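Chains: A, B, C, D and E, in written order; residue numbering restarts at 1 for each.
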Amino acid sequence: MSRKRLQRSKKKLGQAPGSIIYTGERTKDKLNIEAFDFTQENYSEKELQHITDCFEYKFSNTVTWINLNGLNHVKDIEALGNHYELHPLVLEDIVNIAQRPKVDDHESYLFIVLKMLYYDDRQNLTSEQVSLVLGNNYVISFQESEGDVFEPIRDRIRHAKGRIRTMSSDYLLYTLIDAIVDHYFSVIEILGDKIEDLENQVFSASTQQDLSIKIQDLKREVLRVRRAVFPLREVINRIEKNETSLIKNKTLTYFKDISDHLTQVADNIEISREIIGGLMGMYLTNISNKMNEVMKVLTIMASIFIPLTFIAGIYGMNFNYIPELQFKYGYFGVWGVMILIFLGLVYYFRKKKWL
Amino acid sequence: MSRKRLQRSKKKLGQAPGSIIYTGERTKDKLNIEAFDFTQENYSEKELQHITDCFEYKFSNTVTWINLNGLNHVKDIEALGNHYELHPLVLEDIVNIAQRPKVDDHESYLFIVLKMLYYDDRQNLTSEQVSLVLGNNYVISFQESEGDVFEPIRDRIRHAKGRIRTMSSDYLLYTLIDAIVDHYFSVIEILGDKIEDLENQVFSASTQQDLSIKIQDLKREVLRVRRAVFPLREVINRIEKNETSLIKNKTLTYFKDISDHLTQVADNIEISREIIGGLMGMYLTNISNKMNEVMKVLTIMASIFIPLTFIAGIYGMNFNYIPELQFKYGYFGVWGVMILIFLGLVYYFRKKKWL
Amino acid sequence: MSRKRLQRSKKKLGQAPGSIIYTGERTKDKLNIEAFDFTQENYSEKELQHITDCFEYKFSNTVTWINLNGLNHVKDIEALGNHYELHPLVLEDIVNIAQRPKVDDHESYLFIVLKMLYYDDRQNLTSEQVSLVLGNNYVISFQESEGDVFEPIRDRIRHAKGRIRTMSSDYLLYTLIDAIVDHYFSVIEILGDKIEDLENQVFSASTQQDLSIKIQDLKREVLRVRRAVFPLREVINRIEKNETSLIKNKTLTYFKDISDHLTQVADNIEISREIIGGLMGMYLTNISNKMNEVMKVLTIMASIFIPLTFIAGIYGMNFNYIPELQFKYGYFGVWGVMILIFLGLVYYFRKKKWL
Amino acid sequence: MSRKRLQRSKKKLGQAPGSIIYTGERTKDKLNIEAFDFTQENYSEKELQHITDCFEYKFSNTVTWINLNGLNHVKDIEALGNHYELHPLVLEDIVNIAQRPKVDDHESYLFIVLKMLYYDDRQNLTSEQVSLVLGNNYVISFQESEGDVFEPIRDRIRHAKGRIRTMSSDYLLYTLIDAIVDHYFSVIEILGDKIEDLENQVFSASTQQDLSIKIQDLKREVLRVRRAVFPLREVINRIEKNETSLIKNKTLTYFKDISDHLTQVADNIEISREIIGGLMGMYLTNISNKMNEVMKVLTIMASIFIPLTFIAGIYGMNFNYIPELQFKYGYFGVWGVMILIFLGLVYYFRKKKWL
Amino acid sequence: MSRKRLQRSKKKLGQAPGSIIYTGERTKDKLNIEAFDFTQENYSEKELQHITDCFEYKFSNTVTWINLNGLNHVKDIEALGNHYELHPLVLEDIVNIAQRPKVDDHESYLFIVLKMLYYDDRQNLTSEQVSLVLGNNYVISFQESEGDVFEPIRDRIRHAKGRIRTMSSDYLLYTLIDAIVDHYFSVIEILGDKIEDLENQVFSASTQQDLSIKIQDLKREVLRVRRAVFPLREVINRIEKNETSLIKNKTLTYFKDISDHLTQVADNIEISREIIGGLMGMYLTNISNKMNEVMKVLTIMASIFIPLTFIAGIYGMNFNYIPELQFKYGYFGVWGVMILIFLGLVYYFRKKKWL
């Protein structure tokens, strides 16, 4: 994980600031460009072939959503950036997938970076960077590869469900962020299940297997989710507070709603952290309990049979004169003594609750 | 627990914002509507049959408390919301029981979400969402199912006990919140008893049973209470500070009192957390102490009888010529030596305080 | 402890706000009323028989200190409260001994709640609630039962020692708080001794006795002291900052002095917490060290005698043909071999520093 | 480490403030002075022989970067400082390599201290102090010894790559800091690898070797990186906020970019700390697991053979009358009993999952 | 330690505020009074015999430094205080050595309390209270007993080294504080060495000796240093920020320098705390590792010899008919079997890496 996250440093070290270099691993053969253009009455949905096809929307009266997939096509992204007058550092941040969630207010547009989180097929936590540019009448979204998180939004635009067609670009921005944040809940949910699973494993742990590395891994996972969620909360709070003409008062209520959701997610993460924090201790007590059990078996077996063996040893000695050996029922007498000792020790261990 | 808390995500994922969907599990066949309408002199108490029956109170001169039970009746709640001009996101929050305690100031009304906490019959901590809407002359309260936490308040209205009949709707709001917060004290009390119980169990722990999962569960319980209390304290503080014409200066003193109570509860929770935080360590030392005891028994038994058995073994050898075997009192001499060794070892272990 | 602290909830649940109910356990047959009335030149000291006897001081020109003992006499306290125009919530707080230290500014008077701490005869930490009302020319103090913490102040009034007779009621308030805070130092001191004692016990711990519960109890004690001291510091800071005409600038320097003392006490508490926090770990290492010692004795005894017993066993076998048995000095040869093995193992354990 | 860091105290104790004394260990025979002087059109690059050679740049119209290597040449640095009118305390700080990253605004110039971090050939974390002075048209940088961190910047100046030649001295300052901060990423990366390595070692730990000191050392390393990064973040934040005419608005965006990078680094450090924090616990559970395994082997061996040996001992006794000894197949019968006991115990241990 | 720190409470309990009582243990027969009086051109250095001898400096034009040693001479200090018009609470604080570092601005003078820290001959951390009063043209310093921390300053005054003779009394104050703070570095250094020593001891710990108390003691030592340093940093920050005419702008730069130094010291303390925090865990893993080693020796010895002894026991039985006993080479055959078992077990333990 840590290696992937930091690859940029290797590729970029020594580059001039504003150099636009893709730092991710997922590449696509072709840049996917999707454009939704709508007013309250109409909407059009197009798969664009060339980056220049989306230049026309800059000054249209309609609300436009341009969605790009495939950050490895840096040339096209640079062309788009130049046309829409985005700052070089913004373009650098879009293709550098190691960004921390943040918002930059560039007066004529708002630039937001956030992380889409999901569990892939093999239950690995995957984090994908999504950049959003909010202009007066458009939103441009940049994704590493296709995710279908936005599918319900496309549907709502197509069928004019909810308010989306009646509102302006800032509401569109809100729905995109909301879709991503809603997915955090399912991530948190899976995480919660994983923690409960691990807790049960730890509790019933047969000592065959070392669970400490699993605990440590889960801790790491929670920290990664935390890293996506907490800065985003700051981002949304800044959007709520900072006055920018790009986001209308009417829409602010909706951003407050996202903020509430993020606080809920954040609460869950903090609780998860506390629970995981206690897991290692729980594991340790569990191992110690198991050891206690092992020790008890040993102690009971040894404590009972060592004295008995000693007695047998006594009468195995070859002294010329050992009076007991001559007794007729000496052998049975010894058995009697041994059984008494045996019962005494069993009683003693019972009283100590070891048996 | 975590599953219940997060169910909303499954049901709601991909829904347009403002969709009013009940996310709880408790359903009622019929929506209970209860209306208290009072002035200093008179009061009426009605069980309403239909949601439209409570529309009339919107512009009355009296103070009205409408209490609704059964959040699964979303249609009715929507109808009420439309009549009382509540924002769609407010209605969404009312029926989405995964809310964090919060207050939203919508100018013409104040919207408050909080959590009612109690231990059910099987001593499980139960959390129920209560939403409160404070209008100029009314308070509407929304509950998942009937709780009798508000019974004393009904009594006070009926018999004009205390100030309640002489004050306006903001004081009514205060009494409702106060009733819920007062219940936190009994939750905290039970929690304190549970911690003490567990502490005693841990202290006297026979190693038969693993208590670490109980410690972890109790920790979770405290975290859940914390999650209800701490945000509510922020809510009350915001009510105290933010100036809203809906809450009169005279009533603010009472909200300050709630704030004091919540701080007391919060103090108790933090102390509980610290105590629980020490429990796992206490448990570990206890297990280790037990193991020490087991080890000592083993060590004493083995250390005493192994050397003695060795001596018996010596004289069990079949060498042709072992002079001691011929001694008349050889056997008794060996016994003497053994008893000396035995006493020596007992003395040694006594000195070490192992016996 | 937790039970006592929370009793109020049981008695009060469902009561209207402002209900004046004593929640403590200590009751007195008779309400003690003590009145000191003084100017720079004169002073009078009276034991009042009836609550109405202290009504006259409300508008006198002299400085008056009325000290009440016995919070179970709620009727009298209510009568006093009505005469001195105290808010019902203030009266409720006075007799509800579960208050957190706080200050309320009611314009015509200042209401302060704080905790008197001391160790009783059996070295149990005892916390007693003291409420103070500062009026223009009087201070009224409410105590659960007689404590002699204020005795030195009575002396100073009687003999006009220090500045007390030359200053107004705010300075009197200061001296009362100062007397209570000064007592915190002796509590902290005893606590420090207790921690050192426990540390020594843990260090030299014979494993007979489980100290973890003592550590946990001491932790609880520190948390209780903390709970009295930290909010009081906030209280004093608020008095220092908030401008109230009741406390003169000249007296503020003295409150700053209390604040300094409380910071010292708070520092000590935090250090105590850190030290106690380390105690459980120290105890665990100590137990583990002890176990190591036990294990070593076992290992040394077993490792030395088990091989020797094996050799004895060899020559105890009854094979027809065992050549060594025929050797003249076979027996002594075996002894030689055994002694060599014994010395070898002793040397080995010496080298490992186990002996 | 700690010794190196604090050497200054020994050398400097008792010196008058403003005494310019080099506290580092790395010395150079000759002070390296390198001067880059450029405008958008031209640039010159010189290796200066004498400190006075760089006096001329003070009032030139071009942008100048003077880079000095070898802080042990305090006389030269003092001469330079006097010419460029630097405060004596600034000069003291330049040669005292124990500084914490900081920025001082001296109106006519800005003084910044920061730490260059890298891993040397033997993978030891090395920290080198770099001081930067930003004047109106120049930047002077002071290094302990040559580091080639700035090489890419020299290249950019030479070949007019990026914006560097078109901007003023504040942008030059930015590129220098940016180059250092970029290197933090590779430090963080190596640190991440080290942590993963150690985690794997801990996980698979053979008990031959004590890893706790390695964990402690790694912790120390993270704390050292933290100490370089966190104060620098404050420094950059202060530059962003504080208005100084030396840094133009246009350049502030770039400083914001550094701030973002530092926050990323800081996030990584905090995650590293949490992971390392869990390592000791993980190690302890691992050791305990290993001990459990050892104990099980002992317990199984002892529990099986001790009872069997006891039986053998019984029939090794020399009583005159032991009936079983006379049985024809007594010997085989005993073997049968022993095998049954053996199988019973194996079954028991299998059921307990110890085998 | 805790006892010394809190002695004041015993002596002072019940005293009127402003009572001037020395609470320290170090007493001097005679109060040492030393006066340095200087201008840029001249200086005089006198050992004063009587406290009244230093009254004359109050209104002189020169800068005067009066240094007093021996806080037990409270009468003299009171006389001095009255002459220089110091507040009674200030005098109380000077002789009460349990003060926390603080600054009080009394308009006509500034009162500063701080702690001088050093390790005495037996390497015990010693803390001595130093009080400083800054007047318009004088500084009065109060020490418990002579420390030679100020010797370099005396030298600088005598030989007019540095700026000291050219500056006013605020600069003198700065040099005194600076001298004390500089000593913190050597305390930190020794502390660092102690931690490293202990770390090495813990790492190589033979289990003979319990190091947990040493860890706890070192923790306490760090906490004591922290207690001296952190409040002093606040003090210096307040001096920097609060505008007082007693400290000139020109001197503020120097106080900022002290602040930087204190932040460095504080950083070191925090790192020390983290390192010590890890020590107990490190110690525990170390003990557990040692125990593992002990257990392995036991397990190997027992596992090898117990089965062999069992075999020897078998052929020690006295059954009439044991066929193997008759075999000619039965004895050697048994030896062969035993050696095979021995080798098998050795191989097994080798494979497990226990040997």
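One rule holds in what follows: a residue touches a chain if its C-beta (ideal position, glycine included) is under 8 Å from a C-beta of that chain, and two chains touch if they have at least 3 such contacts.
A quick map from chain label to UniProt name: A, B, C, D, E = Magnesium transport protein CorA.
Because the structure is a prediction, the values reported are computed rather than measured.
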Shortest walk length in steps over touching chains, subunit C through to subunit D: 2
Inter-centroid spacing, subunit E versus subunit A (mean Cα positions, whole Å): 42
Between subunit B and subunit C, what distance separates the C-alpha centroids? Give it in angstrom. 26
For subunit C, residues contacting two or more additional chains: 281, 284, 288, 291, 295, 298, 302, 306, 309, 313, 316-318, 322
Assign the assembly's chain-to-chain touch graph to one of these shapes: line, ring, star, complete, other. ring
From the touch relation defined up front, give the order of chains around the ring, starting at subunit D and going on to subunit E. D, E, C, B, A
What part of subunit D is in contact with subunit E in the complex they form? 2-3, 5-6, 8-10, 12-19, 87, 89, 98-100, 102, 104, 206-208, 210-213, 215-216, 219-220, 223, 227, 280-281, 283-284, 287-288, 290-291, 294-295, 297-298, 301-302, 305-306, 308-309, 312-313, 315-318, 322, 324-331, 334
Under the stated contact criterion, what part of subunit C meets subunit E in this complex? 151-152, 156, 161-164, 174-175, 178-179, 182-183, 185-186, 188-189, 192-193, 195-196, 199, 203, 253-254, 256-257, 260, 263-264, 267-268, 271, 274-275, 278-279, 281-282, 284-286, 288-289, 291-293, 295-296, 298-299, 302-303, 306-307, 309-310, 313-314, 316-323, 353-354
